[in-house]
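This report concerns only the one structure given below.
Labels for the chains are A, B, C and D, by order of writing; each one numbers its residues from 1.
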Amino acid sequence: MTTTSTIEHTDREPLSKHEIAAIIARDIPSGSYVNLGIGQPTLVADHLDADSGVVLHTENGMLGMGRAAEGDEIDPDLTNAGKVPVVETPGCSYFHHADSFAMMRGGHLDVCVLGAFQVSEHGDLANWHTGAPDAIPAVGGAMDLAIGAKDVLVMMTLFAKDGSSKLVPSCTYPLTGVGCVSRVYTDLALFEVGPDGVTVLETWSLTVDELAERLDVPLRRAKG
Amino acid sequence: MTTTSTIEHTDREPLSKHEIAAIIARDIPSGSYVNLGIGQPTLVADHLDADSGVVLHTENGMLGMGRAAEGDEIDPDLTNAGKVPVVETPGCSYFHHADSFAMMRGGHLDVCVLGAFQVSEHGDLANWHTGAPDAIPAVGGAMDLAIGAKDVLVMMTLFAKDGSSKLVPSCTYPLTGVGCVSRVYTDLALFEVGPDGVTVLETWSLTVDELAERLDVPLRRAKG
Amino acid sequence: MSRTAFHDDADAAVAGVRDGDTVLVGGFGMAGMPVTLIDALIRHGAADLTVVSNNAGNGDTGLAALLKAGRVRKVVCSFPRQSDSYVFDELYRSGALELEVVPQGNLAERMRAAGAGIGAFFSPTGVGTPLAEGKETRTIDGRDYVLELPIKGDVALIAAHRADRTGNLVYRKTARNFGPVMATAAASTIVEVRAVVETGALDPENVVTPGIYVDHVLDLAAIREAVA
Amino acid sequence: MSRTAFHDDADAAVAGVRDGDTVLVGGFGMAGMPVTLIDALIRHGAADLTVVSNNAGNGDTGLAALLKAGRVRKVVCSFPRQSDSYVFDELYRSGALELEVVPQGNLAERMRAAGAGIGAFFSPTGVGTPLAEGKETRTIDGRDYVLELPIKGDVALIAAHRADRTGNLVYRKTARNFGPVMATAAASTIVEVRAVVETGALDPENVVTPGIYVDHVLDLAAIREAVA
């Protein structure tokens, strides 16, 4: 093994979901325009520095979305994509749904953070449908978000409850987008995925070698 | 010849361009949304009743355009498509160029009035290019306007300065739009054109029979 | 002046809806949901409807009540399944309801295309997924796209904040969502507004939906006054 | 806070333009024409440009001066020929300038497509005319369309009325025209505004171009103050 710049944090537990969110927040450049998918990715907002200048987009028609509304702040006309009441930030703006998705589809957002059922080593994403025959399909904005940012980051636990890895050679669940994911943030490791396969940038609680034993995809270390 | 409802105003001179404009204004239903092409069609505005409720669209981004601005009213930020300063009317609104042409292309305008070099018996329009080899092509909004209203009306003299008819079996000038014109308002007659050919609705200074002798297209009289 | 008709009676506002119509229904969650018009549509009785909306109803009210009343043949939406979408779920599972799932951005853009006179467009959304199956795809300038067709409504039911007497609309915050797009995409647009203001009260710079797109306005303030 | 850069120096605002760039230039007649930025672009010296604009310059100033300085390889516009477009006319007739004439609505929609991530769209405008020659056509739902591709800019030069410190823009009356569309269609959007206001001074409901589309703002009021 040659020298590596992959960082192995072996002296600690796996990341909690708040810690994953904090790592994602750490990696978002200041001044970025960012969409946080509903569910766990929403936690990233809590870890962004107030002076980072990061501007949040919500696909139901707003730039400059603020935190969850509390008490008298709650306004039924102002919600995020998860239909949770939120507040404005200074400099925010409103637009209709076609303009909002044009903003996304046109590649104007810098970062989008999404949850996932599976991510393939080449960055395919599956996060909208388990493929169960009796499941009612519901995609929402997932497919638009998947192709709608310069960098699409996935936030997930690395292993499903049944112990199977969610980072896979090829998705077995129906796809949300092809080759769209650039990084995968998990409780055990941070991966870069894409045409060249998987590079491990950082691990928590275990080494790259230990990780490699538990995954079906070839892992590379980051170049020094 | 059977009974006809074609009206032959033989006891008068050909219409002046102001009189053509007045006839067009007469035929525009109250409450219509209307685009008046640059040049002579602009005259139609002078003949619309103030209480007709007709709303004028200008393709450079306004509904509810008013008359030409005078004196202190002149504002360089507020012009019509001919770049002439105009005024607002109550209830007007502004929008950008893509929205403005979407409004037109989407078929939301009721009426568009355009000038023409030639109109074919089936409603083809030629009004943007004489086809002269050294002419610099310039189309502006002509092709969008040609397909952009429920009814496209043409306002023109029936004969060119060289005596040739501008209502033709088939346009010899480059087309602006195919089968897009519904009515042709001229100094000598009002025609309906379309898939079934030409119907004369009204004449001025001559009879349908006299008109037929001077045109290369078959004319039908309006049904009683 | 304007051709827009103003109503203080919800039943009159929706009187023109016909059996078999495609009805675009605004709203994202409750924000921008035209609840008064939907209730009137249920009373109206039009059946065999195709409903185009982001969701497929929650609980027992609104769209869910319309579905439950058996008036809807097909739902076109991005996200039918929700925690309280049991009315839809049951009808869909029993085969009583057809479903077309459309990615949310394609849903908005397909209605925008209908309103803008675009015959079809190549979208990058959904390429390589089950929702693109059977659709034409094309690589343009190195990127893959799927061909999407317009979604045109016979009727749109939307909610706005204010209308003036010319039919111009403004919305409020994220309740804007699908309203402006649906207004352009339907042959007849019916809007419920919290209040109607005089022409001139809305700044022409700030009008979001020009009156040309608005056929019927239901003035909720007038209804409340009539009741009071 | 915002990534948008603010300038009181026109030369600094256009410093990033490079030889060979496609430059979208706003304005319809003089309304919305970014005259200060165009003058700065002439001083800047970038050459071999493709200019996309509604017209091709009037008299000897603005776009006409840019053409006259020999910086432009190709013009994409709807209406080059005007009573005082003699600079363009001469260059075009001498073969020194390439011209692509695009119907005005297709011009706007092709830029909108570039900004909205649409790969191509079927437009009814121009079907059966010389401007559709060589382009794919298709009949959809009984109507004929021609396939149009996006027009993407490396740079957009536009004029707006006000910008706030977040880069949000509002326009004034028909000077809005191509500005909002071009802002979405260029990799870098440079805007001259009559004045910059503090963030919070523009109502979020009334922002026409959100700051995400705005890279550089030239504050004309600051220039005037510097001169005074």
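Basically, a contact is a pair of C-beta atoms (placed from the backbone, for glycine too) under 8 Å apart; a residue touches a chain by one contact, two chains touch by 3 or more.
Here the structure is a predicted model, which means the values were calculated and not measured.
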Contact-graph separation of chain A and chain B, given in steps at minimum: 2
For chain B and chain C, chains touching each: D
Inter-centroid spacing, chain D versus chain C (mean Cα positions, whole Å): 33
Centroid distance [mean C-alpha coordinates] between chain D and chain A, Å: 35
Contacts with two or more other chains, residues of chain D listed in rising order: 109, 112, 116-118, 123-124, 171-173, 204-205
Residue list for chain B, restricted to those that touch at least two other chains: 94-95, 102, 104-105, 147-148
Touch-based graph of the chains, sorted into line, ring, star, complete or other: other
Pairs of chains satisfying the touch condition: A-C, A-D, B-C, B-D, C-D
Chain C residues within the chain A interface of the complex: 28-32, 78-82, 88-89, 92-93, 99, 101-106, 108-109, 111-112, 123-131, 144, 161, 171-181, 208
Chain A residues within the chain C interface of the complex: 58-62, 75-79, 83, 94-98, 100-102, 104-105, 124, 129, 134-144, 147-148, 174-178
Complex contacts: residues of chain D adjacent to chain A: 1-3, 112, 114-118, 164-166, 168, 184, 199-200, 204-205, 207, 210-213
In the complex with chain D, residue positions of chain A that touch it: 31-33, 51, 53, 55, 57, 63-64, 88, 90-95, 102-109, 147-148
Chain D-touching residues of chain C, taken from the complex the two chains share: 109, 113, 116-124, 138, 140-141, 143, 145, 149, 170-173, 203-206
